[in-house]
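Below are two complexes that have chain A in common, paired first with chain B and then with chain C.
Let's look at the complex of A and B:
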């Protein structure tokens, strides 16, 4: 007998495929810089939220410090390029390695305890690192690292200034890749064991599952991929500073799509980001930054109050699963 | 001797919860573990299965020293454990609960075992139900059948029959009896003396962490120490 699928209704798959296809076509329609940039952010945050969802949604290790991994990626690319004149693509190796290293240290120190210790330790380390980077002259302090932008575009410099759309396609490919990876993990024995650990760690141990190694592995995967997202962000903005890469708000932006779409459900973060990110940019333009943050808080409260399991979980429980159960 | 517990001791601060307890269990035996609340039965199981560190003593499984093993290692050696308060994976379906158990066998063998255990336990109609929506008795059945996915040689069960209706009870008891006839070994913590009499070859009585009596069920029921400490 094979594992229970997520039992998503067919429209969810069609909607996701449609959304990704839309993102593939959109940049070709010449919709203007703002739309192109928002489209990039939608895909980037879908990607980041998927990464966050791996340890948090599937293994129950709710992370409040993912911005740390993201920031390490962004700074790796920025420093390699501006201090060492090396291609930022190397950041795709260095950033993930640093992030994995830090993740393993935090994880090893806290994963034997209740998940909240990991949550808080990750938050604390991320905040401390943000403060360190703010006052560390070598990495530019609060001023950050400003790229010397090239005027055309270059793959080796990982900059596309005359034509911006390669950023959109690189993100889209990364998004599709991590979506596929999530699907694979969700439907693997490893994924089942992660969920077993999430639901009852003692029970899982009694069946021969080692929670520590499972949690470390999924966190390492997630941290590495999140750092790769940070590299992409650094190349896109060509400017890296601590607050926009390592602050808890960045982590919040990874958490919200997953919470809204469905925590621990493969497609949840994608659905969430496609709803939330455009909304957040629209309100940023229409209402300004402060009200935008207020609105984000209101959305979070509404989710917790009315859709505590997220959109997809509610859909599954109401429509698809009841058909499978013979009473 | 299949499972050998020697001088097992567990302290919580000044309280000696398990005090120098020894017992030997033969392969294919069903041993009942009884005693008043707080006498150390669950702590004994937790200590043997590696969830709690031992303050003294040794545990041997089939001749091998397993004293220092972690619970997940012990499970892989063939000693499975169920809990007083069911530890089913609540947000997973019954099917996924069973499939989450890591076993080395090929996937066909795993599927066969899952099918078999769903048939054996009668959980078929709720295969795709979330474990949290099961009744108390169904959860007990699920936890037991999930542990059986490991194909364990010895089962350490903490009050598997508590809070279960009579129909479910007879199903669980039959399940244990069938497994036992296939030479599986059991340690059962149980308060229901009727079930103890029906199932167990031997009973060990604990009181305040110490073993106060041991013997056939019909004999210990007449032991004055047991009557005073437990049966009343």
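Let's look at the complex of A and C:
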């Protein structure tokens, strides 16, 4: 039962390993700033999408406001650094803690109800927080926070002068870490209990599983990791503002790779992000911001309508006996 | 119907634009174009149900959620692309008129919107409780299979309900254009407030929705006055979360089956 992913066809492992190896080698080839940026974003959104996939894919709790945790992470690191001269490494701890606190409050309020309550509440909190941050002068309002490194080029400040490449490797390591974590969760009793809750909450309760604590735990893990991604993003761009960290389209960027790769599939979000993130950057350059969100919305609708199981799951079902993979 | 439509705000925004264009090109007063926009939005709702939401009803439970979420984003950003984020106003002759009742002054447009909203709610309530179609809608929402076995055409009822929901959102949007500026992003705050009101009142509870609408409305206005207008939704949201923690079934709802 817990060995389901061994039924994955070998190409899926190879593809994922190949993609990660490619990202490890790419920065060494000196391909120029734009490619390095896109490579960073590919890894970052693969990472974020994996985080989003944890509560959504395993516990059936769809967050439409995950950008909130991301934004909280980015802002706490930025504020601690610029207002109190505290190292972003501290932000790396405090940001996730803050996000976990917020996530637990929202989760505790909504997880006992129909699953769409959580989706809507998360969306509502994220949107309202964005509006509050936009007009809150202390955090820079709509201008946001510009980073001016206090000691230039120092590991303590999480700054590597103008060199961008270390960030790519940090993200890659974080991506590999969360991939391993997802794999571990999927193959643990905890993961099995989560999937039982997702598939039949009443049945899971009758077996003595407490859905509320399980959902809260997986959401807390996800929110904390998402906030850590936000901290990383803030260090990379050295600029934080509400619209690029808390908007609905940031959440959209987390949802799409997971939906495309296949919901609840360990490797799904990685493969999804490798396909979608470069596409999204190309269209952003070609079409401008609003039209590329339209495009992503259309892609999401098409996936939901025609490939509800994602690319990877469709492929897997083709290569294996369907009844073993059916969720 | 247990479908939460995340594109509701965007569809309401479309209706507001409809009302705005009707005023600009044909000098149709919003109260007149209401008669036109309601059926059009009803048709839009039926089409959405027929071609976009209907086909995925049998899919996994999250499909409708992501589908309507995507649809809302598409509509909103298409509007942003074509019409930019300019605020558009309708300047009716009575826009500045004020109604005096003793010391109290009320803007005519807001009084009109209030009266229209209350009468629409009453009509809708009567429709749901007094007509056979209304009762069929409630039957389907309570027990789909049971309703089907009683000879109710469930698919037709789904289309009708969806159309009605969108039509009413459109009507609401049209009414408020008399005093509220139209822009592509206008819908979302309304959708979020509507959600808060609905949950506070208890899902499907009509009177509860009216009372909690009043509570949220007053809370938002008072906190906008006390703190700042950007914080008013945050205050409403905090109340909402507190209520959910203490009483998840809403203020007036009956205890939920857990």
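Everything that follows uses one rule, which is that the second predicted complex is superposed on the first by the 312 of 327 C-alpha atoms of A that agree within 3 Å, B and C clash if a C-alpha of one lies under 4 Å from a C-alpha of the other, contacts with A are read in each partner's own complex, and residues count from 1 in each chain.
Methods note: a residue touches a chain if its C-beta (ideal position, glycine included) is under 8 Å from a C-beta of that chain, and two chains touch if they have at least 3 such contacts.
Worth saying up front: this structure is predicted, and the values here are computed from it rather than measured.
**Q** Is A:239 contacted by the first partner chain B, the second partner chain C, both or neither?
**A** The answer is neither, since A:239 touches no partner chain.
**Q** Applying the document's definition of touch, where does A:110 land relative to chain B and chain C: first, second, both, or neither?
**A** The answer is second: A:110 touches chain C but not chain B.
**Q** Hey, is it chain B or chain C that touches more of chain A?
**A** Between chain B and chain C, C touches the greater number of residues in chain A.
**Q** In the overlaid three-chain picture, which partner chain does A:281 touch, first (chain B) or second (chain C), both, or neither?
**A** A:281: touches no partner chain.
**Q** Does chain B (first) or chain C (second) touch A:146, or do both, or does neither?
**A** It touches nothing on chain B or chain C.
**Q** Does the superposition put A:298 against chain B (first), chain C (second), both, or neither?
**A** second
**Q** Please report the chain A residues shared by its interface with chain B and its interface with chain C.
**A** Touching chain B and chain C on chain A: no residues.
**Q** Across the complex, what residues on chain C touch chain A?
**A** Listed in rising order, the residues are 2, 4, 6, 52, 55-56, 59-63, 65-67, 69-74, 77-78, 80-81, 188-189, 192, 195-196, 199, 228, 230-231, 233-234, 237, 240-241, 244-245, 248, 256, 258.
**Q** Going by the contact rule at the top, pick out the chain A residues touching chain C in the complex.
**A** Residues of chain A touching chain C: 56, 60, 62, 64, 105-106, 108-110, 112-117, 119-121, 123-125, 127-129, 131-132, 134-136, 248-249, 252, 255, 259, 263, 288, 290-291, 293-294, 296-298, 300-301, 304-305, 308.
**Q** Spell out the part of chain A that touches chain B in their complex, as residue ranges.
**A** Touching chain B: residues 1-4, 189, 192-193, 195-196, 198-200, 202-211, 264, 321, 324-327 of chain A.
**Q** Show me the residue ranges of chain B that touch chain A in the complex, using the header's touch definition.
**A** 49, 51, 70-73, 75-76, 80-83, 87-93, 95-97, 99-102, 111, 114-115, 125-126, 128-129, 131, 143, 146-147, 149-150
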